[in-house]
Amino acid sequence: MIRSLPNPRWYKSGYSIFVACFFIFLFAPLLVTCVLAFNNSNFPSLPWYGATLDWFFANTPDRVGIFHDANNLRSIMTSIQTAFFVSILSVTVGTCAAFLFEQEDFRFKQQLYFIMLAPLVIPGVILGISLLLASNTAGMYFEDSFGLDVPLFRPGFWLVVVGQFSFITTFVTLLISARLKKFDRTLEEAALNLGATRFEVIWHITLRFLRPAIVSGLAVSFLMSFENFNTTLFLVGSEPTLPINLYLQVRDGSTPVINAISLLLMLGTSVFIAINLLASKKSAES
Amino acid sequence: MNIDLSAKDIVKKFGALTAVNNISFDVPKGSFFSILGPSGCGKTTLLRMIAGFDHPTSGSLKICGRDMLGIAPNKRPVNLVFQHLALFPMMNVSENIAFGLHRRGVDKQTIQKKVHEILERVGLPEYANKRIDQLSGGQKQRIAIARCLVLDPTVLLLDEPLGALDLKLREQMKVELKKLQSEVGTTFIYITHDQSEALVMSDSVAVMQNGVFEQIASPRELYAEPATSFVASFVGDNNTWSATVSGIENDCIAVETDSNLHFKTRSKDNVSIGQKVDLFLRPEAIVINPHDVSGLNLLQVTVKAVLFDGANSRLLTVTKAGRELTVSLPQNRQYDYIQKGDRISLGWSPESGICFKREE
Amino acid sequence: MTAFTKKKSLLFWLFLAPVIGWLGLLIIIPHIDLLIMSLKAENDMGDLVWSTANYMEFFREPIYWVTFVRTALYSVITTVVTLMISFPIAFYIAKVASNKLRGAYVILLLLPFWVSELVRVYGWMILLRESGVLNFFLLKLGIITTPIEMLYNDATMIMGLVYSSMLFMVVPLISVMESLDDSLVEASFDLGGGVISTTWNIIIPHAKPGITSGCIVVFMLSLGNYLTPNLMGGKNSLWFTEQIYNQFIASFNWNQGAAFGFLLLLLSSLIIWFGLKVTKQTLGKVVA
Amino acid sequence: MKKAILLALMMVLSFTFSAHAGETFNLLTWKGYAPTELIKKFEAETGYTVKVTYSNNEEMIAKLRATRGAGFDLAQPSQDRISSVQKKYSIYQPMDYSQIKSALFIPSMLNAVKRNTAVENNSYAVPFCWGTSGLIVNTAKAPGATDYTALISEKYKGRVSYRLKRPTLIAMAFAMGKDPFALYGSPTEYKKLMNKVADELIKAKPIVKNYWTNGDALLQSMRSGEVTVAMAWDNGGWKLHAENKDIDFIAPASGALGWIDTFAIPAKAKNTKAAYAWINFIMRPENAAMFTNKEKYATAAVGVAKFLDKAVADNFSRSFSEDTIDNIKWYPPVPAHIEAIEGKLLDKIKAAN
């Protein structure tokens, strides 16, 4: 049953077959997507008309490869920008929250902690519409009472950032809290004892200890932001992020350009994860 | 004599590493058999093969005359008390004990009765409905043993179960375990790296090193007549000298130590003059300021420290050449005058020392 | 002493302020606003007034609550199926696979899930549609003579949902199973247990926190999923998130949409609360 | 390492803010309404960067409502969906007709759009293109499909596709011999009629293969023969006809539905100059013709005939005889409340089993 127990052969081979099937199930759609990115056909389906790189490099009226597709390239850029701001913001606030919940004591801490966890159980769509409604209410209010048109209060780049930030921060907080829990507080006491101020202690000792968690928090929030759809759907203005843009294309007509983008996306994510793994391994060693 | 467990030429290899090397032994019914060895000597591997979690590379294993090869662990008439006990935290005490009986399909009433009986036996009748995390270390110990004993195993295997306990409790549990074993009469195979546990409880002890048994003997024999220098150094405390044989008499040999002291002693091995040997001498075999010096080896030392430890008190002394020597200090008030820095003379009888050929 | 507490409290406010800002402005107020919006409706004059009409509408109109119940039910089915598939996989990776391979398995497992959900659904669509890859091969191999539409039915949709949320079940299960002491399983076997009794009595009770948190997340993700039902579901598959979207986009009735949103929120909280109660766990413990 | 991070940071920041600062032109439109060649030409002529967001009528309105008319410089809703939305949400700004070269437009169409999008004293749109919804039929595989009733006919079971949107409801109402446009004024009557239509569609649900949302996907399924009868826009049928003579657009017996898509400027458009420039640019005969040649939609621009491909010109005469043109049902402006009624029914059809 487990490694240290002797297992009958049928059990072992049956189990292996199950696991193999599972991984085929896992990768089949992705593999098909990647392969069809090279099909010399105007539609993402078989039969195979031979290999082509058109969907990456072509720039003709009929076929526009991803590297000349201004619309998709722009949405990739938008996604990167969004993810960038989301990860910075959510790691900053998430670190504060981790300190608050792990190291401070105050009234209503339990209640606040519970609210902090709430985004885990709020469906993304609901988060999206409630933020849309609230920002609309706020926008109307500012417009009617002060004649101010605040861009933040209407769907657009910054509202998307805010929307994604609102739930990704919860994940980052949990991630950093988990590491902070392992922190030996006598180290802080020792530093205080050696004459450091509270700020210096946090800056030099605690934050340095938290660095691996902060780095992986940045990575996780970046990826979560990059692939978010549900919350973003309602908050997006004239600058769609990549998933939204892809959705519109899959819904309103698709060419193998989407396969090409998917392929690049998979490559990009793999590289990103690999770098992140290497970095975390390095920091674990040092 | 009934043999419960019989192992013959057991070999276990993990790749290039030979963990158990050609071991054979028999355990008589109802006996308390210990396997004593330092960590990494292969004793846990041996135990896991008996329990059925590992298969020997070669050799045979019989329990009550039945060949155990190819029999799954859940089908063997042996039970194992795990090193960290492995009590199921998701069940309470009685559920833990009843687990094995349920697997055998025993009916509910019988189970209840048996659980109650075994709890009585280990002295915890009130604890049936406690959660595991409510128990103290010693109580957990007893429940883990009860969980196995309730199944009436032919052989009960114990994998250093006292390791996690504090010193006092460990002393107490040793006695209890021994008592329990003689009451229930089940064959126990006990592995440990703690010589005191092995010596106190066992009927016979196997000393294991590098995958082989160095000696199988009763605790007394092990202590008094170690068969190899490893046994001599591993079991009990010893002062050790490196020496060269300088003369051979009838049942005695004369040796000269590295620090040029001359002693008479006995040898376990056949030696010739010029042979390098290790000389072992137990601290309690040394007499302080002996009155009658006839036939004793004598030497002068300076007291470096008095190590008071009740019945186990010692003197830490140094010879002129700077060699350290521990000496038992009997607490009969006779030696209360000895102070740090005193010069005293020591004597020991040639029968107390023992020599083994130095292995190069 | 006073100096010390003063400094500490300054730091405390420094931590508290952004957290309060985040939770207050982005979580609490928007949801209160959602509730308020859901309790307002246009009267005959076209003005917004307080009313429970939006909720009444939900109960009066069978399509709404049927969709609602259907969404909940299918989410539960998805959760159960996901658990059944993930459990042996997680066990294999945590306890059966060799240590060397384990890391590789986990990375393989993670990889597809960092790719946008849209790409995954798109892949399934290419694979399963009538002119898709699977049909192409089945025809080529002569197993079928006319192509079968495998997309746009409920079974496919559930499969898509299972696929989309698999990771969030497998990962907590792996971590909880890694914490299972091997000797407990050995002890169970030593005491006469077999595969089934050990799984039932030892492994499942031990894995309960992982199972609970996995189930919560998977249920939540399925309930709130929009893409998969929308793209794979076909002509019968109205998902409740789609109803919400339609209220916002097609009917321009934000108040009705807000009411639906609030109901969905209520449903997910209720089922999760119920799940925690049944398994005797708390949210804080499950996620930490 | 630190330098690299700093560099990356600077890059993202500079991109973010430069993107907002540049002279961009944000167009909210239908897929196909802004062909790449024309965008490139426009960018070369004017120096604006064009950003296109694809959408449909409902989403256009919803998006502009959410942003309260901001984020886009120009939108392209259908002419019947402007006035009621404008009354309720004020998401457009009045069109400044002095900035438009009215000579570029077919006068009757310009006037009709002006009239139909008037709210109080202002009008809100100019026409861009027009077309009809009707049937696309694979005549070889589905002979005899000449009216919307084919969509609910057992004969074509499993080979039918249409959008689950309001045009389908209206088309079915016409097919049942009713005139839904005449009932726009009385919501209760309209609701009754639509209920009947919905019942028909629910009953006929087993016949539908799928409800298409994706124009290209529909064309692909018609190509492969997965679908043989569909309700769709005329241009799709003509595109397919170019590849396969069996497939063509058919104006249904009870009347094709005629729509006009327009240009309207959102209330808080930042770059109205670019918006007017785009309108005047794309309505130039050669540009409008390029659009028509590519997408097969009929344009509202004058003087395009000499730039048109012969095949494109033929399309229209082939599908529309003299009397079918007269029989086109043009959408009048949609009054408020109507869409809520339809929305619920569409949900009901989708959810029904």
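By letter and in written order, the chains are A, B, C and D; residue numbering begins at 1 in each of them.
Definition applied: contacts are C-beta pairs under 8 Å (C-beta built on N, C-alpha and C of every residue); 3 or more make two chains touch, one makes a residue touch a chain.
Each chain and its UniProt protein: A = ABC transporter permease; B = Spermidine/putrescine ABC transporter ATP-binding protein; D = Spermidine/putrescine ABC transporter substrate-binding protein.
Model, not experiment: these values are computed from the prediction.
With steps allowed only between chains in touch, the distance from chain B over to chain D comes to 2.
Comparing mean CA positions across the assembly, the chain most remote from chain C is B.
With centres set at the average Cα position, the gap from chain A (ABC transporter permease) to chain B is 58 Å.
For the pair chain A (ABC transporter permease) and chain D, the distance between C-alpha centroids works out to 35 Å.
The centroid of the Cα atoms in chain A (ABC transporter permease) and the matching centroid in chain C are 16 Å apart. Annotation for chain B: residues 52-53, 72-73 touch two or more other chains.
Contacts with at least two other chains are made by residues 131, 186, 189, 248 of chain C. Of all residues in chain D, those that touch two or more other chains are 220.
The part of chain D that touches chain A (ABC transporter permease) in the complex is made up of residues 12, 15-16, 19, 26, 28, 31, 35-37, 51-55, 63, 66-68, 70-72, 213-217, 220, 268, 294. Those residues of chain A (ABC transporter permease) lying in contact with chain D across their complex are 43, 45, 61, 64, 71, 74, 77, 80-81, 84-85, 132, 136, 139-140, 143, 149, 151, 154-157, 234, 237-240, 248-255.
Remark: chain A (ABC transporter permease) residues 1-5, 11, 15, 18-19, 22-23, 25-30, 32-33, 36, 44-47, 92-93, 96-97, 99-100, 104, 106, 112-127, 129-134, 137, 162, 165-166, 169, 174, 177-178, 197-199, 202, 223, 226-227, 229-230, 233-234, 242-243, 246-247, 250-251, 254, 258-259, 262, 265-266, 269-270, 272-273, 277 touch chain C in the complex. Touching chain A (ABC transporter permease) in their complex are the following residues of chain C: 7-8, 11-12, 14-16, 18-19, 21-23, 26-31, 33-34, 37, 85, 88-89, 92, 95-96, 98, 107-112, 114-127, 129, 131-133, 136, 163, 166, 182, 185-186, 189, 195, 198, 216-217, 220, 223-227, 231, 241, 244-245, 248, 254, 257-258, 261-262, 264-265, 268-269, 272, 283-284, 287-288.
Those residues of chain C lying in contact with chain D across their complex are 46, 61, 63-64, 66-67, 70, 130-131, 147, 149, 152, 234-236, 238, 243, 246-253.
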